[in-house]
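Note that the chains are named A, B, C and D in the order they appear, and that numbering of residues resets to 1 at the start of each chain.
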């Protein structure tokens, strides 16, 4: 069991993978420490949001995930 | 050859027929003389219009039809 | 095929017209379609629409042309019934094909408002006590006024 | 059947959904349908839509529910593609069934504006020089703002 990070849209391109396992617990600072370069910049952008187990966080810096959680990193949607 | 009067919508009910032949020429006064009762009243109403050979008259009192013409009496449309 | 306008006296299946209309416009962005049917409420047993050959179809063709121009459509399809219809039968079908969705949707809205209150049809409804001629509703005139230039 | 929302990963034929949807609502006055396809202009060879299982379908279901309530619909159908699509393939189908035409047309307009700019999809286009991620257009945000309460 771990925290699963899911990269959506262009974040998957920047990460080079569509998902990744991290050891929990994971908070916003821990996430920022984990990511580097353009991927870290994109995740920190205002319009990039975070969902935990399908619930979108109102404030992504309040992230608090534990082993077993799925943390999705959501760049701005382009719509259907 | 004659002038053909065509009664549309409820005017056909009031006339008891859907069309009728009259000897031409036919003007507005001649038409009014020809029709009676509720049918005459309905034709004189502002919202009832007249078309000659498929052309709707801007002013129905300018009617001037000759033998061979089709004169349609058009009550207010109800739409499709 | 920019304009396809038909006046039918027999029941029709909307799908048989919309498929070929869509396929006739390769490269389109979207197709909006409205199908109006005889409603089942309010005790109406049947509906009759009467038309006048020399005005009704030419009027619908002019309406389609003006929608095509106003909304920059690739094409417009109008199929309208005349005659006696029963609950659940389609009365009217309007489809607009366009590069962009808003134009297609607005063109259908525009065409329906005009067909409902400004086309050459006379309508009567059969209820338990017989046939009744129908006048246009106030709401239809209000709808039409939205499109005044 | 008030709400029918589907996320498909394979090409679909709009007619196969609209017919049964219409038949499932006897007594309706009208059905408005919009079908959006991959446009053929501007050098796009293919389009890919990516979705996120835990948000995309639930989001569309919530959208359908809110349209049904806001426009007093008898039913709403939303079918949306995900995956790689080519020119001419349907991307999205929205149908609204209602007693009256204006509600059906406005509900489709509302649902399409939300789907185009406020649904959980990420889009990229393949051009001669490769794949490009697409951001929402300003126009889409303006369209959406029309529906603010």
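Convention: a contact is a pair of C-beta atoms (placed from the backbone, for glycine too) under 8 Å apart; a residue touches a chain by one contact, two chains touch by 3 or more.
According to UniProt, the chain labels map to these proteins: A, B = MoaD/ThiS family protein; C, D = Molybdopterin synthase catalytic subunit.
None of these values were measured; they are calculated from a predicted model.
Chemist: For chain B (MoaD/ThiS family protein) and chain D, which third chains touch each of them?
Modeler: Joint contacts, listed by label: C.
Chemist: In whole angstrom, how far does the Cα centroid of chain C sit from the Cα centroid of chain D?
Modeler: 23
Chemist: Could you state the distance in Å from the CA-based centre of chain A (MoaD/ThiS family protein) to that of chain D?
Modeler: Chain A (MoaD/ThiS family protein) and chain D have C-alpha centres separated by 27 Å.
Chemist: Go ahead and note the Å separation of the Cα centroids belonging to chain A (MoaD/ThiS family protein) and chain B (MoaD/ThiS family protein).
Modeler: 76
Chemist: Hey, what residues on chain A (MoaD/ThiS family protein) touch two or more of the other chains?
Modeler: Touching at least two other chains: none.
Chemist: Hey, what residues on chain C touch two or more of the other chains?
Modeler: Each of 36, 116 in chain C touches at least two other chains.
Chemist: Just spell out which pairs of chains touch, all of them.
Modeler: Listed by label, chains in contact pair as A-D, B-C, C-D.
Chemist: Using the touch definition up top, name the residues of chain D that touch chain A (MoaD/ThiS family protein) in the complex.
Modeler: Result: residues 36, 49-50, 52, 54-55, 58, 80, 91-92, 115-124, 133-136, 140 of chain D touch chain A (MoaD/ThiS family protein).
Chemist: Inside the complex, what are the residues of chain D that reach chain C?
Modeler: Residues 14-15, 18-19, 22, 26-37, 39-41, 87-88, 99, 101-102, 104-105, 108-109, 112, 116, 143 of chain D touch chain C in their complex.
Chemist: Can you name the residues of chain A (MoaD/ThiS family protein) that touch chain D in the complex?
Modeler: Of all residues in chain A (MoaD/ThiS family protein), those touching chain D are 6, 8-10, 13, 51, 53-54, 56, 70, 72, 74-80.
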